[in-house]
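First chain written, first letter: the chains are A, B, C and D, and each begins at residue 1.
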Amino acid sequence: MRKRDDRGTVADYIPELSRVDPAQFGIAVIDEAGEIAAAGDCDIPFSVQSITKVFTLTLALGMVGDRLWQRVGREPSGSPFNSIVQLENERGIPRNPFINAGAIAVTDLILSGHQPREALGEILRFVQFLADDPTIHIDKAVAASEQRTGFRNRALANYMRSFGVIDNPVDFTLGVYFHHCAIAMSCRQLAMAGRFLAHGGIHPNTGRSVVHPERARRINALMLTCGHYDGSGDFAYRVGLPGKSGVGGGILAIAPGKATIAVWAPGLDAAGNSHLGRIALEKLTKRLGWSIFGA
Amino acid sequence: MRKRDDRGTVADYIPELSRVDPAQFGIAVIDEAGEIAAAGDCDIPFSVQSITKVFTLTLALGMVGDRLWQRVGREPSGSPFNSIVQLENERGIPRNPFINAGAIAVTDLILSGHQPREALGEILRFVQFLADDPTIHIDKAVAASEQRTGFRNRALANYMRSFGVIDNPVDFTLGVYFHHCAIAMSCRQLAMAGRFLAHGGIHPNTGRSVVHPERARRINALMLTCGHYDGSGDFAYRVGLPGKSGVGGGILAIAPGKATIAVWAPGLDAAGNSHLGRIALEKLTKRLGWSIFGA
Amino acid sequence: MRKRDDRGTVADYIPELSRVDPAQFGIAVIDEAGEIAAAGDCDIPFSVQSITKVFTLTLALGMVGDRLWQRVGREPSGSPFNSIVQLENERGIPRNPFINAGAIAVTDLILSGHQPREALGEILRFVQFLADDPTIHIDKAVAASEQRTGFRNRALANYMRSFGVIDNPVDFTLGVYFHHCAIAMSCRQLAMAGRFLAHGGIHPNTGRSVVHPERARRINALMLTCGHYDGSGDFAYRVGLPGKSGVGGGILAIAPGKATIAVWAPGLDAAGNSHLGRIALEKLTKRLGWSIFGA
Amino acid sequence: MRKRDDRGTVADYIPELSRVDPAQFGIAVIDEAGEIAAAGDCDIPFSVQSITKVFTLTLALGMVGDRLWQRVGREPSGSPFNSIVQLENERGIPRNPFINAGAIAVTDLILSGHQPREALGEILRFVQFLADDPTIHIDKAVAASEQRTGFRNRALANYMRSFGVIDNPVDFTLGVYFHHCAIAMSCRQLAMAGRFLAHGGIHPNTGRSVVHPERARRINALMLTCGHYDGSGDFAYRVGLPGKSGVGGGILAIAPGKATIAVWAPGLDAAGNSHLGRIALEKLTKRLGWSIFGA
């Protein structure tokens, strides 16, 4: 895999990310028993970016419950990750929690009643808890880089604010958003953090319930239909697992009842998803018969 | 279930369908062993409408293979079933084979090189073969009704023709399309016809391979992401199974490796999917733990 | 002018039009007193195409009055001449009578209660009357060419039919539409036909009132805001006269109280308007101080 | 006019404007000779809002010339005044200088190389010069009100910034924009300020040339095609004069070579233009035969 020529393009809209070496490739698989298989650059932390949207959604659902769905939809968008057209047509309600607008609205719910610093701390501690690793941190250079350049996200947030979909000051909400997207994790950490989704909402390391089994299933369903922006249909078609990608080149995939897989390769395809990451998952799932769509 | 008050609205855009009694409700489940559980109006044939799109897609893939994807996409549309906006933005290529435009393009591929009557015969025989029932027929009154009133589908077809996405005379392609949508099946017949998708492409009744296992998985994936128009995300979230709805009020759902389920209740929700049908599937799947997204 | 290199591109979406020699150029100006100045290929008939929309609008307003505006809007479209997106967003009501959809809806109003042949005869006689020239005819090869290939217009018409904006059988309405677009006129004839718009609704040749002065002004206003598709703003900015273009390369411009100008050069710009025609009008209007926007 | 019942709705999206008494009505007409006819509340200053876009466009064209058109288009938008959809489809380039996005981009050009305070001073002095009245001022309460609530304009500005259509810090550009929109003028002052547009770019009071005659014509053309947002076509159809409206309820109309007219009535129609103001202009223009589209 590391020899492939066509690796896609490293994200350049966040300047700090454009400096990442595109030749890196890592993967980690953790099965039901907790056995870990990992290879390549599986211990190098990378910017997980949109993959945190899975964790912030989980956290927000725990805080506000199904009231969340008054502010965010559950349908695939049929548009790029940063599109604003849909918001104008649907009165500022983002289509789902995994496009940028939706994740900003979810962040705003987490923020409500807190200071940005507290909210961000809560998110980070939740991710550390899920990954069972208190060393996970936020890459401040990446967060600062997006703070300086994230005009399109600022447009999305102000637009939602004009419809009352966002309550807090836009700068506060975006501050938390940019920082939690800048969490750095290795494939190994990421695969660990996703285990509760593969195992009925229970985190196998601790035996503690993170979410109700039904909620875990539903988050998986959202990952399947909306987890890869306007490439979600293709990912489901090829890989056949719920997954969430980030423009840092990572993908977290869930094989319910079987395993979690985290893969990282910085080059992105046209839809903004890791090119080699998707190919690796396609091959792996096929070989192991892990597709949720049949043997 | 038959006592529920809020049953949604019977489709009225095809005049013939608006005459159906909305109080009817039927369901049939066929498990891996071939055991059938059926209830209610499970033997009354209804107009399957868009559910045939699953079978025409299967047939067309068998005829032209992956070349089909040059004419049709694989992404959820983010738009109603009969939207034309997306076509203008994407040079006449429909987003997926399960919105009307996509299914018309698929029908056009099946038609190529044949007379409409031959193509239609082939589709009908394929459905009869899948359901193992040669009595399945086309409801000509429904087909004629849509022939007279299907202006929006005629717009879609002419629009695609202007981009060269459709090759045959529009009236020929639409004639075949309107007729195969007018196939009438009962829940029992429909659950039978879908069995190859639950069992790795092999039809359990005959043991014959209908499609390669990978293709069966991929069709299931498309049903999951695109099978309920702009309600696909919600169906995945609530039911957690690949499914395809029709405006006649039917839904075919696939529990891979476990069972097929066909349900019928004519009242539709705002997205054009059977309202009670979806609720029934949600309850059933939850009770039986059949969600593909985890236990 | 005939030596200019960059002449734009001859319309190719109607096969018959693509055979026209792009090197032709004609112009005719008729002032208030009826004096004619003409040059170049001013006596060669060309396919006026969308320019007839001015005449069919005038005719339809005479037949149904302001009731027409229940079916057609009066706003610039912000879209290409053959866009269908706007129709979906506005329940099938075309934005104005000069985009294709609008002109088809206007044609449908003229057709109501008549046979296509009668309606077409009425339109042709009206144009002959306006141009004071009974030899004006329809180019049947052009009409037939568009009948065979006008899939996009067929899509527009069926789409509007699905919303009840068109009453007659789509083939009838389009038959009349394709034929009146295929009227062939020379610059001299066209400049003559437009005189009632420059002179308060009265045709100077005969002294007969064609329309009320207010209606003439209003048709001019529509030509100014909507007469050049998505290049209308630019035409107003550069030329400063009400005008209507056709993909045959003709433009009819009105200098109220002063003159009519017809120009013809087959090469089109990106918005579908005659490239050299617009430049010629810009130079002429500037030199003569005819802009309606000031000396 | 002051007795009319249906006065439309006072703008409520800027809180400060929603407190204006909707029963007010003023008008001022200044003819070529400088004779002033004024009536009603013609001396009460109101928030001119978008009408300043005419003056900032004039100023910016004087500063950067036709280079301005690299950042802003010249076509009607076919969308509401604050739409963002068009920006996504056209890479951040607003359709014309009179929708909000376009006026923000024009403001950004004026700002370049200056401090916000300087740029704002320059705009205010230009308007004072045009109106020949140094008492004209900015209503700081209105500016502050929009600063607090203008989320949608903030979205537009950030969106354009993401495409590089805006150069300066968004808060600077919007600060200048919100403040110049908050200039307060009476009908009498406004009619005076517009006189250069009616008289070939020369300001009759001073005899000084404000812009080249061609530029004055072109600004008039833009006002005609784009001056009333998505009601521009209707205004041209009914009134037949170049005009620019503001959500404060004012309209400035230009009768080239004849007069300027300023009218004010706070109630707005669905497109955001003064309802009674438009009706008054329609009646006046008709009686006086001032339509640019013919006698």
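Following the convention adopted for this analysis, a contact is a pair of C-beta atoms (placed from the backbone, for glycine too) under 8 Å apart; a residue touches a chain by one contact, two chains touch by 3 or more.
Molecules present, by chain and UniProt name: A, B, C, D = Glutaminase.
In this text, all values refer to a predicted model and were calculated from it rather than measured experimentally.
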Q: Average the CA atoms of each chain to get its centre, and name the chain whose centre is farthest from that of chain A.
A: C
Q. Where are there more C-beta contacts: A-D or A-B?
A. A-B
Q) Comparing residue numbers, which of A-D, A-B or C-D shares more than half of the contact pairs of B-C? A) A-D
Q. Approximately how many whole Å separate the CA-defined centres of chain B and chain D?
A. 54
Q.
Counting only Cα atoms for the centres, state how far chain A is from chain B in Å.
A. 32
(Q) Please tell me the distance, in whole Å, between the geometric centres of chain A and chain D computed from their C-alpha atoms. (A) 45
Q | For chain B, residues that touch 2 or more chains besides their own | A | none
Q.
Thinking of each chain as a vertex joined to the chains it touches, would you call that graph a line, ring, star, complete, or other?
A. ring
**Q.** Residues of chain A defined as touching chain D within the complex
**A.** 83-85, 87-89, 151-152, 154-159, 161-162, 170
Q: Over in the complex, which chain D residues touch chain C? Could you list them?
A: 73-79, 86, 95-96, 197-200, 213-214, 216-218, 220-222, 224-226, 230-234, 236-238, 240, 242, 256-257, 286, 291-295
